[in-house]
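This is the structure, below, for whatever I ask next.
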Amino acid sequence: MILRAEGIHKRFDTRTVLRDATIEIAPGGITLLLGANGSGKTTLANILATLLSPDRGRITVDGEPLARRRAAARRSIGFASHRPLLYLGLTPLENLSFFGGLAGVPTPSRRAMELLEMLGMAEFARAPVERFSRGMLQRIVLARALMTDPKVLLLDEPYTGLDEEGVAVVNDVLRAARERGAGSLVITHEPERVRALASRVLRVHGGRVEEAA
Amino acid sequence: MTPTIPRWFDRLGVLLWAASVALVAFSFWMVTRAPIEVQMGPVQKIVYVHVPSAIATLIGFGITFAASIAYLATKEWRWDALAASSCEVAMVFATVVMITGPLWARSAWNTWWTWEPRLTTFLILWILYAGYHVVRASLRSQARRTVSAVMGIVFFVNLPIVWKSIEWWRGSLHPKNVTMTPEMRGTLLLGMAAWMLFYAAATLQRLRIEWRAEARAVAGDQGPLGAAEGAGS
Amino acid sequence: MRTILAVALKDLRLHARDVRFLATLALFSASLVLILSVAFGPIFSDPAREASATLWAALFFAGVLGLTRTLDLEGESGGGEALRLTGADPYALYLGKTIANLVLIAADFLLLLPIASVFFDVGSLDVVPGLLGVAALGLVGYAAWGTLFAALARGLRARELLLSVVLFPTLVPLWIGAVKLTHALWGDGSVDPVRDWIKVLAVMDVLGLALAAFLYELIQEATE
């Protein structure tokens, strides 16, 4: 699946954040997206994740406008924002099964356990999320993004608060995604952690997306 | 993209203001000349302001309703601006109705307030649209527009049910068939035309402010981070 | 259908785990009944009338707490956004949340009903089925409109207040109807004299659910 945002403009009241930004996430690639704080990286991620609609510009999925296949596209996009996007009062297993079930995953709780094991969180599957440390939470967030086996993976600051082991887990996830042909976009201000994996390095500057030197 | 105010808009505004001021003045003059009603005396003349204001309120909220639908369908900021402008002007008229109503009631029914259907409905209407303005003021950008539009639609759709249920709840005191001399009727019709024109002029003026604000937002845009240095390269 | 149930169960599970919230809700609504009955008492002029007004006032006010609580659950760490990312039908999400809100307020009704009838000394077991029917009609409308308006109030400061300011006047027909019908049941033991109000409640229920079908998705997409 090719997710493409073209000529994106986004303004929040008196501040234009994106001005004619274009980005494409192609299968099998790992794209790094850099940029200063407030440059619009996260806005762009939210637009790509279909959570925010641009003022102008087109978002296409395999060349077709997003609006025509929004529900399907949402299920093919795995989004890990820097907010957890989880219910704090539920356990990881309940969270993942719930979201997986709504997204049409056939056996959501089995899939959830698989992912939790893969991310080394199986023993915490039944503890309420609200007691988790930042690093543990981050892994559950990744697991949620992976529930539907997405064709596009969007990770917004996935390394924040992670130790060496955690960083390795994220990078394993990225490698696995590349192997099954999914395209990934990683937004980070710690590029040294993934530089070796990246197929392309971009940055948001002046409201546009450009190749980073 | 930058919304500049077109010249026809300003011209229309001037025309409407001139016409409405003239008509309102004329209608006041007519009111002074209209016959004094036998039973109520001069107080009856409140009618010439009260009734046109009530109608202007309903038309104003009706336009908000229509513009809200148009906004949700097109996502054009102009519709949102029209909905909000019309709603604000209508709110002023609604307030006039709420003030003149009890004045009338005091002399006609010998009480300041009564749970009469139209009165009660108007009070509810007034509170709801006051809520509209408060909610609108506490939101920003896109959310503000959509939420306002939803309120503009929901409140208006619900209005007939509120009215009907209150009518059921308690019978109506409002005069249904009023006998008026032709002179009274003429004055009332003139008043309606005058206040309607005034509504249109005020709404246009309010829309102009909205237009300016939008233009200022676009012009005063701080722009994306790094845009200035990026422009040279 | 599965989506509706899943969402409703999720909300109810979250509520059930928050015992402090449930206790607060119960105490708040019970104390509303208490202060109103003290205000009307100790000798009631028309107990059926005063009791029905008290009961529904307590439900309306306490209901707002439930509505905003459900809203906060979605907002506190972005669960609501993840919900949208599942691609599930927005109207099904709305219906799920409406059901959860309905169950919550219905539970409150079941708590307040005996309290109000004891405090005001009204009613008999015979009218309980009728009361349950009136409550069902009234509370479905309350939950339907409340869930829709709660979505509007997302991201607002003082949302409990603003929600009440727009929700209560909107629900005036529902309010009159529910109070009239409850009054009739407690006073005369039958709804026959005020039967027409059942229609008003039904119209409000349907209108709330129908408006949400058109508007809920738009609100969800806009209030980030």
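Letters are used for the chains, namely A, B and C, taken in the order the chains are written, and counting of residues starts over at 1 for each.
Everything below uses one rule, namely that a residue touches a chain if its C-beta (ideal position, glycine included) is under 8 Å from a C-beta of that chain, and two chains touch if they have at least 3 such contacts.
Treat the numbers as computed from the prediction; the structure is a model and nothing was measured.
K.L.:
Could you say which chain's mean Cα position falls nearest to the mean Cα position of the entire protein shown?
P.N.:
C
K.L.:
Weigh A-B against A-C on C-beta contact pairs and write down the one with more.
P.N.:
When A-C is set beside A-B, the one with more contacts is A-C.
K.L.:
Taking each chain's centre as the mean position of its Cα atoms, how many Å separate chain B from chain C?
P.N.:
32
K.L.:
In whole angstrom, what separates the CA-based centres of chain A and chain B?
P.N.:
47
K.L.:
From the mean C-alpha coordinate of chain A to that of chain C, what's the distance rounded to whole Å?
P.N.:
Their C-alpha centroids are separated by 37 Å.
K.L.:
If I count partner chains per residue in chain A, which residues reach a count of at least 2?
P.N.:
Residue numbers touching two or more other chains: 53.
K.L.:
Provide the list of chain B residues touching at least two other chains, using ranges where the numbers run on.
P.N.:
142
K.L.:
Return the residues of chain C touching two or more other chains; collapse runs of consecutive numbers into ranges.
P.N.:
221, 224
K.L.:
Considering only the defined contacts, which chain B positions touch chain C in the complex?
P.N.:
72, 124, 127-128, 130-132, 134-135, 138-139, 142-143, 145-147, 150-151, 153-155, 157-158, 161-162, 164-166, 168-169
K.L.:
What part of chain C is in contact with chain B in the complex they form?
P.N.:
Touch residues, chain C against chain B: 148, 152-153, 155-157, 162, 165-166, 169-170, 172-173, 176-177, 180, 196-197, 200, 203-204, 207, 211, 215, 218-219, 221-224.
K.L.:
Note which residues of chain B are touching chain A in the complex, please.
P.N.:
140-142, 217, 220-231
K.L.:
Enumerate the contact residues on chain A facing chain C in the complex.
P.N.:
46, 49-53, 70-75, 77, 79, 81, 83-90, 94, 98-99, 101-104, 128, 144
K.L.:
Inside the complex, what are the residues of chain C that reach chain A?
P.N.:
Chain C residues touching chain A: 2-3, 6-7, 10, 13-14, 17-18, 73, 76-79, 81-89, 221, 224.
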